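The next block holds one structure in the form of structure tokens; read it before the comments.
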Amino acid sequence: MITTLFYILFLSPILGFAINGINFRKSNAMLAGIIGTSAVLISFIAGVLLFKEMLNVENKVLTVHFFNWLSVGSFNAPASFLMDPISGIMTLIITGVGSLIHIFSAGYMSHDPRPFKYFAYLNLFIFNMLLLVLGDNLLVTFVGWEGVGLCSYLLIGFWFSDEKKAAAGMKAFITNRVGDAGLLIGIFILFSQLGTVNYYELNQYATSLTMESGWFGPITLAMIFLFIGVAGKSAQIPLYVWLPDAMAGPTPVSALIHAATMVTAGVYLLIRLSPVLVLAPNAMMVVAIVGAMTALLGALVGITQWDIKKILAYSTVSQLGYMILGVGVGAFIPAFFHLMTHAFFKALMFLGSGSVIHSMHEEQDIRKMGGLAKLMPITHLTFFIGWLAIIGLPPFSGFFSKDEILFYTYASKSSSILLWIVGVIGAGCTAYYMTRLMCLTFWGESRVSKEVHPHESPISMTFPLMVLALLAAFAGLLGIPHVISEVLPGHPPNILENLLKPYVAKISKHEVTASVEWMLMLISVLVAISMAVLSYMIYVKKTFNIEAITKKISFAHKLSYNKFFVDEFYFARIINPIVLGSKALWLHIDVMFIDKITYFITDVIRTGGTHNKSLQNGNFQNYAFYMAVGIASFLIMVFAF
Amino acid sequence: MPSLESISQIGLNHFLYLSSVLFVIGLLTVLMRKNLIVILMGIELMLNAVNLSFIAFSSYAGDVHGQVIVFFVMTVAAAEAGVGLAIAVAIFKKFKEVEISFFQKLKG
Amino acid sequence: MLLSALIFLPLVFAIVIAFCPKDKIVQPLALIFSGLLFALSMVLLFNFDPSTAAIQFAEKANWIPQLGIKYFIGIDGISLWLVILSNFLLPLVIIGSAKSVTTKIRSFYAALFILQASMVGSFLALDLILFYIFFESSLIPMAMMIGIWGGDKKIYASFKFFIYTMFGSIFMLGSIICLMLLNKTVTGSLSSDVLELYKMDIAFIDGRLFSTQTLLFLGFAIAFAIKVPMFPVHTWLPDAHVQAPTPGSVILAGVMLKMGTYGFMRFAIPLFPEASQQLSWVFSFLAVIGIIYGALVAMVQTDIKKLVAYSSVSHMGYIILGLFAFNELGMTGGLYQMLNHGLSTGALFFLVGMIYDRTHTREISAYGGLAKILPLYSIFFLVVTFSSIAVPLTNGFVGEFYILMGAFLANSVWGSLGVIGVILGATYMLWMVKKVFFGEENPGLLEHKLSDLKTSEFLVLVPIVIMIFWMGLFPNHFLQYSQKSISNLTENVSNYELTLHDKDRKELISQKNNNL
Amino acid sequence: MQPTVKFIDFLLVLPMITLFVFSLLPIALKVFVRGNEEAKADVNVSLSVFGVFISLVLMIMFHGRIFSDGVFFAFSQALVFDQFTFLSSVLCYVLSILALPFILNHPSIRKSQLSEYVFLYLNSLLGMMIMLASNDLIMTFIGLELMSLCLYMMITMNHEIHHSKESAVKYFVLGSMASAILLFGISFIYGSAVMISNGQIITNYSTLVEVASQLIATDRIFLIGYALVLIGFGFKISMFPFHTWVPDVYQGAATPLTLYMATAVKIASILALARFLMLDVLNDSFALSTTLQWIAVLTMLIGNMGALAQSSMKRIFAYSSVAHSGYILVGLIALALEGGPFTANIESLVLYLLGYGLFSVGTFGFLSFLEKSFDDDIQLDSLKGLFYRSPWTALGLTFCLLGLAGIPPTLGFFTKFYIFSTAMGEGLYWLVLWALINSVIGVYYYLKPIVLMFFYQSEEDIYLADNHFQKIIFLTVGFLSLVGGILLPVIL
Amino acid sequence: MISAALFYGFSAFIIIFALAVLFAPNPIVSALSLAATMVGVAGLFFALGSHFIAAVQITVYAGAVMVLFVMVLMLFDLKKEDAVSAMYVRFLKISVAGVILGLISGAITLSGFASNTTIMSVDTASVTPTKKLAVLLFTKYLLAFEVLGILLLVIAIGVVSVSRIKGGTHAKS
């Protein structure tokens, strides 16, 4: 039963991939959409059933063993899978949100010449993502890890005729490769230390180890290397650069891969290994700091962007930053919670932007939009809910998850007040630029050029929006913190926490009174609201002249507008030197040095030949002379010894 | 510094010195003269030196084999001279020339 | 008898083809023959007993007793797959060369079969001199292939190839002779039988460079390193690859380079265990350099074939890295990577050849947007690319992962440095793919009206792709055959011994009795 | 002691006598039967081939059968007949039989004097036989002289007028100078030996062996003598720096004759030198052995380098034969160091010489039927695309070249392997390493003709003499060089 | 034991004429001085007590061979040779020859023959040295003797045929 369900779970996407892939030449968007969507739907259903099964078994863990994949000597990485609450919820998110996005794509890609190819890739992505989350050892996860990277490469470069897009895909893949290299080394270290790559065994052995204080303890190193991989996949500093470019792909792809699922893989991995992670406080510190920085940086950059998708991308970066921050401070469950909520509302917003872009005929610049609210009401409504969620207004989902993280950041022993401040500032910026986005896109007077006539999208696109809107609105109720539930009637339990507690590491946090907790919530909410109001006044009411302000802080503005020149820095300092260096290597080592040596040797021999020619000058008296010299030297030798 | 005694006492080594001097002179003739015939003469000189040393050895050792060998050597030498001159004649008939500088076409 | 058949049937075939009356039937004939050989190798596979590290199907006969040379061939888990690989590639090469070889067909296929014989021979030989003979005689047909059917600088390339490799193997010959003489001082009889030589322990003073064993090891190592080719002595490879015709490059990359790594695995390491461990750091170092250097240099090539050639320098570096990790993971990875590299790089050369036959240019800049023009071709190319950059679920990943892990466990520095190659590998391949397949169509391409893959080309590519995924998904289907041999090698390197499989031993004994 | 000439002595020299008699036959035919008219070419040639063959058969009969075991002396120890004599004479016989047919209608051989030609040919062979069987320095010398004098005259009797005469003069002058040096050396050896001997034949090897080591210890003059004799031989076997005559003379002489010189003559003198080296002096004299090793290295180097710079095939092969005498010297040194009577090292040497001889027959024979007039000198480029004109010839030559280069699986590899392994067995590691490196250098110019034959298309038509004997011999040699390795157990 | 005067006289004679062979510009002169040298050598042979060889030396060499040389020279009637190689070349050649001479004579000195100054007379009561020589020649050295006979025959025929050749169908010159 369970095995069959697993088989269905995995095979239906791969089957969809196969079917779609085989007739990749056809261009019947409808058919392709049906095949692709149904494939994912089936696996969603299977996932749900499995989830129920899992809840029924007492230790809430299902494992299934397919076949021996890699096994040499003591090293053993079977193709076997496990479903516990963590991976279960992930599965549901992936397949659920996935199927919604498939439906959306059916509408979105209706005019595309090669829809089959598109859905094939999408299904393949779902398959790999499932591998990633369900694998019961690091290797299977790694397979999915690289697989999703591959799919994102293919999907970003889906419109490959435009070399920029192809380049963006390549950038994504290679940046991820850098991360994967780190991940590999992390795996090596873990294996060399603990002798296994299976999650449960790792976590068990970990409990027997003592906590490491230094920087170069094996676990610390392993975790830092792992975190390099995470940074690659979850777009953290310094490897986040690929994510904004990844917006080159079709918008649903951005929704699915670059907002909802793939980018959260890193967070997932860290939560999986939390029992090992907590052994390395230094590593956690690094994680936390990087997360906070990323959160802030994303938010800051988001403030000044004009491209709607770019804004969403940077907000994704910053939200991921929050999750990582949460992991870093040991708020594993909140981080996971935020992962989930973020999956909903960010997917929602991306799809919304997709619908906007679709109706604006591929126009992405928000300066050319405005006043779309009345033209496309459903999109507007759903997007509005998403907005409320992301800026963290109660009772919408974003509020609960983000505040949990911030609270832990404040309270955790392995954290500091600074991180909390950074988090709050980030939250404020988020509120600001999301509101800005809303204002410029939907509210205010229309700046839409004459030839485009925006219109509401077809049902196939709006339906997913609505579903996601509901989720975005109420998913938060899965994890109501105690302080709130105490005051609420009936004390609704924190379902998520109860579910996940046994599977993540516990970390000690300061005792904090309820009042302080309320306090913190209040602060962050207030900050969010005030910033939102501010940007509303700027962009709709025009109370302040934004140009003037920009002038005043032009430097900061330039910095933020140009994404802190990070890409430029990378090109100038890392990529170009490598390329030039390799040119030099080839020229000076291969061509000039090694080959030169061989030529030199041959030349020596040849010149010997020519000299011999000149000695051999035909005059036999000279030959006789050579003989005489030979005799002399021969005799000298005889005497010499 | 050889003592007077060793100079007045003519021993085997004197003969050997002589023969080696003769040999070297023959060698030099081969090396330095430009005329084929004279070069042949040089070879004859060398052979004479050989004979001399043979005889010297044989008589100082009181062993007659040396003389026999010398007998053979002479014959061979005569034969060589014959062949050499025959070749010389064959060439001369054609080219009216036995200068060795004439034989420098084959080289390299 | 089976193994001898695998060695000598190709020779017979070569002769038959050489005398084949008309050129039309030559290629089909060759195809049939190669199919026969492949079938034979399958028989071999099915009768192979994976449960032992012993030598199987051994055939032993005194050849030149005065020189102690025996005709002694046999197979074990290490050589099995290489033999099968070469027999697997041969039919594909023959199918593939229908296009690219149009002149002097008969001589070409004759040369191909002779080459096949010598390569299989060198994988099967268990007698050093016999091995040397096969090892060397594979040079002539290969040089012929490059020189007759090659590109515009073919003469230079074939000379370079021949003399470079010859120079290396000379040193091996020297140390083979020394080895035999040493063995003579021990056993009193001249013999180049490897199984016998394994037993001998050669003088080795630890901590001192250039003890007897080290020198002998270096003699072997130089030969194999040039063949592989390892970093400082790799310069013959790009020229040879670029100038060689497609089938030539495929064979060269697919099988011939493996003769070097196989040599390390079969001869250099087990014969001189202490020396090879003493010098392992040198070789790991050179391997790592090769990995990174090859990748970096590949990144700046403008000629597709050159790029692939340098990529194989990088990949072969992985193999060496794995072998000199001296642990089971590394060795297994090394062996597996030999097969992977044979498949993926072979396939890459096939693909490059196919597009070259269409456009007659190998300049990357002359391409662009191929994915629009030749979608199928591009799909195959992409798949093979992924295999060569070791994307999981393709064969390349398994090999590379094993190697890197083994290397890491042996020495974390080399392992970690090797991982850099993973990044660079992706970089240059994807860069090339981007330039060639993506972006706007290059107007130059539209002139020759390009047609997508033909059936014959499918026949070449499909099996390889199938193998790529099969080997990626179920490595154990393949490795179970080699597992015993490898563990035997890694567990007791320092007192390595191989025995004959029981059934063979009985047979040989009975033969001896019959002779008496 | 009462020296008498026994009947058995005559039996032993019967092959030589036969040889002489048969050498007289063509002239007798010319003078007495046909009234000073030249008999048909093939009559002369086949007659002499027959003669050589008969005497070879006799040789085998006597030594192979009757005297298969043990060592026999003839004419009061003037000649010795042991396994070494047997092997080497058979080798020279075979090679000269192979070489003979090539003079058939070769443009530069005088039809009008063919009978004298074969007369000289057989007598030079006779000289070789005496040299090979000689147990006495004097006999060796006389044999050598007989051989070389015949050669001088044969070279002179060439259609081509200038080059042949020039090479004859060069060869003659340098050769007789060398033999003078040889004699001088002999006189010293004789002298230093006679002083401590008591009345037996001093120049006799079997007595020299006994006194040699004692003489080295006491007597400087003996070493000098030995060195001079080595030099005298060294001239014949073209060891550096006494090799300079080789390219010129080989080029000037008629190609069939070059073939003969490069194979039979050279090999005979090498084997004679081997006999002389077996006096077991090198073991006691470090100086000599070191010198010889250096000379060996230089010889290979000069040969290979020289060959690299040539464009004329004949000169290339000439230089390659110089290089090969370098490799052979390696074997000779090993032999000398091992010392003593018949040993395994001799086997390796003889085997190497056999291989070398066969391949040289191949290469020079190939040239000899590529030449269409007596004065043309085959250049490398004229081989272009030969394979596509006459594949068999090209293949034959290819195998011979590969054999000379010592590339497996040709016979050449095995002979090289054998000789080098024996040398290493004597501890000459560096020497062997040098030899190996040199053989790589050699590969370059051995490949060149192959490359030209296979990798190019021919511009102009290539002349090929259609002489069946020659073709057959040529192809057999090529074939042998290919399968020789497999047949090796049979040969050994 | 021969008198020093005799030896030095003869050797001076020999060396002078040998040098004349070497340096005389005119071939004829060198030929005649060669003859003189040979006579001198013969004299030394005589002094050393090997009379037969001395006689042969006179007859064969100074007689036959020299006559041959002179005759050939007459046949060619060459004028005095002009070509003289450059100074440094001659110096080089002479010095090399000197080195050889030095080495050999050094070896002779080292090998201590000086002590040995008495000529062993080989004649015993019955046989004179000449007879002994003859006996040796026809017993021990029989084969060599015969072979020499063959050699002479070969030479005779060969020389004739060599000098009979008329230059080939063409002549380079």
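A, B, C, D and E label the chains in the order they appear, each numbered from 1.
Please note the rule applied: a contact is a pair of C-beta atoms (placed from the backbone, for glycine too) under 8 Å apart; a residue touches a chain by one contact, two chains touch by 3 or more.
This structure is a prediction, so every number in the text was calculated from the model and none was measured.
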Touching both subunit D and subunit E (chains): A, B
Other chains in touch with both subunit A and subunit B: D, E
Required minimum of steps from subunit A to subunit D, each step between chains that touch: 1
Identifier of the chain whose CA centre is least distant from the whole-structure CA centre: C
Pair of chains joined by the greatest number of C-beta pairs in contact: B-E
Interchain centroid distance [CA atoms averaged], subunit A/subunit C, Å: 39
Whole-Å gap separating subunit C and subunit D, where each centre is the average of the chain's CA atoms: 44
Averaged-CA centre spacing for the pair subunit E and subunit B, given as whole angstrom: 5
Separation of subunit B from subunit D, taking each centre as the mean of its C-alpha atoms, in whole Å: 27
Per-residue multi-chain contacts in subunit C, two or more chains: none
Shared interface positions of subunit A, touching two or more other chains: 613, 616, 618, 620, 624-625, 628-629, 631, 635, 639
Touching two or more other chains - residues of subunit B: 16, 23, 26-27, 30-32, 34, 40, 56, 58, 61, 63, 65, 72, 76, 79, 83, 86-88, 90, 94-95, 100-101, 103, 105-108
Interchain contacts, given as pairs of chains that touch: A-B, A-C, A-D, A-E, B-D, B-E, C-D, D-E
Residue ranges of subunit A touching subunit B (in the complex, touch as defined): 613, 616-621, 624-625, 628
Touching residues on subunit A, where the partner in the complex is subunit D: 605-606, 608-610, 612-613, 615-616, 618, 620, 622-624, 626-627, 629-631, 634-635, 637-641
Subunit E contact footprint on subunit D (complex, rising order): 3-5, 13, 20, 27, 74-76, 78-79, 110, 113, 116, 119-120, 123, 126, 130, 136, 138-139, 142-143, 145-146, 149-150, 153, 156-162, 192, 195, 201, 218-224, 374-375
In the complex, subunit B residues that touch subunit D: 16, 23, 26-27, 30, 36, 39-40, 43, 46-47, 49-50, 53-54, 56-58, 61, 63, 65-66, 69, 72-73, 76, 79-80, 83-84, 86-88, 90-91, 94-95, 100, 103, 105-108
Of subunit A, residues touching subunit C in the complex: 24-25, 67-73, 75, 139, 142-143, 146-147, 150, 153, 157, 160-163, 166-167, 170, 173-174, 177-178, 180-181, 184-185, 187-189, 191-192, 578-579, 581-583, 585-586, 589-590, 594-595, 598
